[in-house]
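Which chain is which? They are A, B, C, D, E and F, in the order written, and residues in each are numbered from 1.
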Amino acid sequence: MKTHIHVITPIITEGFRSEEDLRACEGPEITVTQCGIAYGPASIECEFDEALSVPGILEKAIAAEREGAHAVVIDCMGDPGLAACREALSIPVLGPLQVAAHVATMLGHRFTFITVLDRLRAMIDHLVAGYGLTGNYAAFHAVDVPVLDIAHDTRKLGSLLGEKALTAVRDDHAGAVILGCTGFMGLAEVVTQTLREEGLEVPVIDAIPLTIRMADALVRCGLTHSKHIYPAPGKKEIRGYDNLR
Amino acid sequence: MKTHIHVITPIITEGFRSEEDLRACEGPEITVTQCGIAYGPASIECEFDEALSVPGILEKAIAAEREGAHAVVIDCMGDPGLAACREALSIPVLGPLQVAAHVATMLGHRFTFITVLDRLRAMIDHLVAGYGLTGNYAAFHAVDVPVLDIAHDTRKLGSLLGEKALTAVRDDHAGAVILGCTGFMGLAEVVTQTLREEGLEVPVIDAIPLTIRMADALVRCGLTHSKHIYPAPGKKEIRGYDNLR
Amino acid sequence: MKTHIHVITPIITEGFRSEEDLRACEGPEITVTQCGIAYGPASIECEFDEALSVPGILEKAIAAEREGAHAVVIDCMGDPGLAACREALSIPVLGPLQVAAHVATMLGHRFTFITVLDRLRAMIDHLVAGYGLTGNYAAFHAVDVPVLDIAHDTRKLGSLLGEKALTAVRDDHAGAVILGCTGFMGLAEVVTQTLREEGLEVPVIDAIPLTIRMADALVRCGLTHSKHIYPAPGKKEIRGYDNLR
Amino acid sequence: MKTHIHVITPIITEGFRSEEDLRACEGPEITVTQCGIAYGPASIECEFDEALSVPGILEKAIAAEREGAHAVVIDCMGDPGLAACREALSIPVLGPLQVAAHVATMLGHRFTFITVLDRLRAMIDHLVAGYGLTGNYAAFHAVDVPVLDIAHDTRKLGSLLGEKALTAVRDDHAGAVILGCTGFMGLAEVVTQTLREEGLEVPVIDAIPLTIRMADALVRCGLTHSKHIYPAPGKKEIRGYDNLR
Amino acid sequence: MKTHIHVITPIITEGFRSEEDLRACEGPEITVTQCGIAYGPASIECEFDEALSVPGILEKAIAAEREGAHAVVIDCMGDPGLAACREALSIPVLGPLQVAAHVATMLGHRFTFITVLDRLRAMIDHLVAGYGLTGNYAAFHAVDVPVLDIAHDTRKLGSLLGEKALTAVRDDHAGAVILGCTGFMGLAEVVTQTLREEGLEVPVIDAIPLTIRMADALVRCGLTHSKHIYPAPGKKEIRGYDNLR
Amino acid sequence: MKTHIHVITPIITEGFRSEEDLRACEGPEITVTQCGIAYGPASIECEFDEALSVPGILEKAIAAEREGAHAVVIDCMGDPGLAACREALSIPVLGPLQVAAHVATMLGHRFTFITVLDRLRAMIDHLVAGYGLTGNYAAFHAVDVPVLDIAHDTRKLGSLLGEKALTAVRDDHAGAVILGCTGFMGLAEVVTQTLREEGLEVPVIDAIPLTIRMADALVRCGLTHSKHIYPAPGKKEIRGYDNLR
């Protein structure tokens, strides 16, 4: 059986992410499809942006399950809409922050999170607390690059991330590093290399490939999120959101 | 100075809450106004409902600040949209769960939360964890009455809440009880009476009146939420949500 | 109805605090009265001082309830005698640290506490832990000024507090600042201004005005501390403490 | 060298405790002396009683150090005045709850606390939290016997304690039991026997003998509490408390 | 690329586990091999048994890496030797408890652990605490069947596990169930069915298949445990343990 | 009665520790004996070394009980084999880290741990978490001296430890310092002196003498670890480890 993992990039910006980008995450046994959302923000950099992305995510997630996907991955480190999607769907829905934080804890006990903007600090703290991992969360750092500028100079970005990763290991005593924006996909190698040159062998987590593999693993083990914790929404009147009624 | 507190009931159902209901929360120094939302769900009973209520809440909250309100109160114990509204507004935005949980902790150290449906357990656990109060959260109980049926038989409802409150004190060893649905407004007295008849003097928190008073207190002390933690959303393209661009 | 809040300044020093100081905390609906204690220490700067202030506080708190006050506020950030007073009284008794720490958590998630002397660190840590808020406590700083020297140079003091507040936001990543001595009353504005000049909008909590407003809010909502958690002391022989028998 | 441990029973009641009672805690290398307090309550059953016992304890503790004792033990499971005494003294001051809770954690990981009255629950919870051991605190039980009635029927009391101890092991899954009133001294054996008859080998902690031995161990290792955490009180005016100035 | 996962069953008993048992965990892209240990205990039911299994596990784990395995899985829910193996190896080493506990937390927030014997309670509590997941650990139950008797009557065992799983969901409010002995492999389906018949859709985790898939996912993402946290042992004299020098 | 405490130094290196070294821990009422292990590592500097030391420790611990010792102390700050020994023995078995961490918490609330090598950080974090004391653990520092080089220049070592102790108090705000290698025995005095010269009175814990005294205290109070938490291993086949069958 070939699993079909559907990735939802929860922004309206074209070209930020394409199915092509995710080819490397496929394999003989995994197909990956991808889409953006029809309405919502151009990028996600705060709780306000997240809130406006969720109805659009729900629409795409429900469609993906209906069209036969085996699992859904939300392509944003803020895991927007994770709980709401799990209520609406029966197939596994995963957020990359949750997966990355748990795997980082398993591999390195304490992790540092390196993301785009310092203003995300409280939001990430809050999410990590909700996942029960505050005790394993070493530190938060930001490279001060807005989401939509990530692609402008990936070489410089890799170097900034490398510096923060060195701080993570030396000063935060982190055992693992999470690349804290899904726009950083593909940069784990250069960060790992920067650490290795200093004699530091520390896992650097590129969350989207990992989350796709985790989704595949769950599907093959017959596991999904608890419908007792995330029960299906009751039938009721909804105004607006035509595709969600 | 008279403070103006605006209450947003985050559902589309007419008649569930009216300004009239909130008259008792006013005073010579406080004016309370109220509105529902233009689009969203008929009631809030899960994360999915919450997600669909937030854009409608944001629209009304932004309008309230523009029209001169001194503070906004979200009229749902799930505190939907609290963080997003705080980013979008400079005046205080309060959620009744956060206020009730902190005040219950101050008055009785550990609190039990009694709400409509058992399916809300994980959502409330998650919110309480996010507020940092898991250690003060004694237990969760539900009376098994859907939100829109609350008004059908308030006498029976008061009796069910009273029973759960006795359990809260005797078995959970809670020092305070939170009425866990804003639709329970006005029932604190009967629950307090039930406890008192058993010799138990325990605060029973009716969150909306308390949150309105807390909002007034903050306004008069010149305090609002931290804009460093809840920074204003950046300017960016948004599709859909015409009133939020 | 006008609420009557009685403030007990738990020291024997005359002139440190007067009813005049608290006029700004009054309103058309709130009357504030104030007194010192008859026996105890000249100032409170450690656990020993606290211990010697409590019998004197109990005497004044019991008298205040008997004379018709609606609530009692203890005017010291160490909240001396809070639990004992709550046992002895039925009207709300509030301590400014507990109120400030909970409100700071609500508004800014994590708070820094800035007080007079470094030697208070362990005492404050212990109190915050008892209130269940260790996870929201970012840092402790001291300006190194003894309590009874606060009034000597408030301009310099304001400047010292401003510097520590900048550290609180930039280095501790605190979302709120608590002025950690009730003798700092009135200095929140200058500290807020210092932060604002650096573009930082962060709540600075002046605990006594806030606690008075919180007391008023509780009284108006018919709430007091749990008598199940703070039961009235049993009748028994007491030697010494004539007014407490 | 023979160590001299001084035990302060923080009540005014004669006959509740005598030096004779503590003979079994002595040894060829340990002398134990004991005294009551000159002013304070007849028994300690709440925070109010504790507050009124502390000045009297301080007086006796300071005298004990001056007279050459090597360590002071406070003879009440509420550890009244522990922090204040540590500030006032340089020799070790120990409270039986703190010692018992730490040793119980070491020997059995999680402990149940069995005391006289249910009304002490919140006070004990608060103390255990302050010691940082909430995670190791399995449960609280009370036998519903006032402190001054303990001696009336020790056979029945032993049987009540035994029942609660069985509950502790079977239902709370506690690995250790703390006898939660220093008035229970001498009853560990019967409780241990009750458990043993059911095949349960669980440490039952009689806190006073253990705390005396712990005090001796610290003295012999040259250890005392941190004076950095418990610095000596500053010199200042004190009204009342003639012996404490 | 086909990944090669090597499973070490850390007991000397023949026939408890065979490579045949693990065929269902293989796939077109995964090969699974298995071995027991050369010296150690017949089964693992306590810390003593664990301690005696670790040198034997280390020997086999080192050999597996040398022979080209891509990852090692320890086939016991006590995760014996996990940290020591991670120090000795560079390829991923996974323990089924750690993986199951993290995945259960992701899927259901709080999990109940159901194992063979009640005597394992403290050991499991300790392991879960070490993984940082105490806050997500709902409860522990045992079916009271020794490890080597598991195969005697799997029908009855399935029924016992099903009963405990119902308790887990209804009384512990767990969102996920972990089958707490690797000898329970293959019984997840019957337990899931028991829950489903009561209308409860809750993930039941069969840890070995899941851990094998997780190992595969890590290998494909180029991830392994942090060698900064688990540094290679220094060269030094070792007496005994000829194969480990 | 004279108590007999047996100390097991869990390495094969001769001369690292002798009974002579422990004379100062004896007294008129305490006899101390000591031994190394017959097989295992030359020193303990990681989890791998620990694992290989445990069977050798078990052998010696079982022999000590059989030969009449009243308690066993494991002479390594990693507390290797503590849980396994407690299962195998009925007399108290103590580890110096557990005892030191609890006593440091009692005396100074938060402690800093100063040891030989930075690579031990994760291992110590893990042990402290298992003991439930993470909230009281201020910081970890290492002097960067391998275990077997400790004796080379104790003067320099004392000076390095003193520097780290100053950092512990000033920067970590620790209230107590734990000397984190049993090879540091005897150096507490010089470290205490270094602190005292800077006006800092902070307990510096030399764990082995303290643990021996604690063992004596437990024996005299008739206490041992809970056999309910550490039940005796079941009878079963063991291969290898002839002396442990």
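Going forward, a residue touches a chain if its C-beta (ideal position, glycine included) is under 8 Å from a C-beta of that chain, and two chains touch if they have at least 3 such contacts.
Which chain is which protein? Per UniProt: A, B, C, D, E, F = Hydrogenase expression protein HupH.
A quick note: this is a predicted structure, and the numbers were derived from the prediction, not measured.
With every chain reduced to the mean of its CA atoms, the largest distance from chain B is reached by F. Ranking all chains by how far their C-alpha centres lie from the centre of chain D, first place goes to A. In this assembly, the C-alpha centroid of chain A lies 44 Å from the C-alpha centroid of chain C. Taking each chain's centre as the average of its CA atoms, chain B and chain C sit 27 Å apart. Centre-to-centre separation between chain A and chain D, using Cα means, comes to 52 Å. Touching of two or more other chains is recorded for residues 109, 122, 126, 129, 132, 135, 175, 229 of chain F. A list of each chain pair in contact follows: A-B, A-C, A-E, A-F, B-C, B-D, B-E, C-D, C-F, D-E, D-F, E-F. The part of chain F that touches chain D in the complex is made up of residues 27-29, 92, 94, 98-99, 102-103, 105-109, 131-133, 135-136, 169, 175-176, 188, 200-203, 205-206, 209-210, 213-214, 216-218, 220-229.
Chain C meets chain F in the complex at residues 121-122, 125-126, 134.
Contact residues on chain C toward chain A in their complex (touch as defined above): 109, 135, 173, 175. The part of chain D that touches chain C in the complex is made up of residues 12-13, 38-43, 45-52, 54-56, 58, 81, 83-84, 86-88, 119, 122-123, 126, 129-130, 132, 146, 229-231, 233-234, 236-241, 244.
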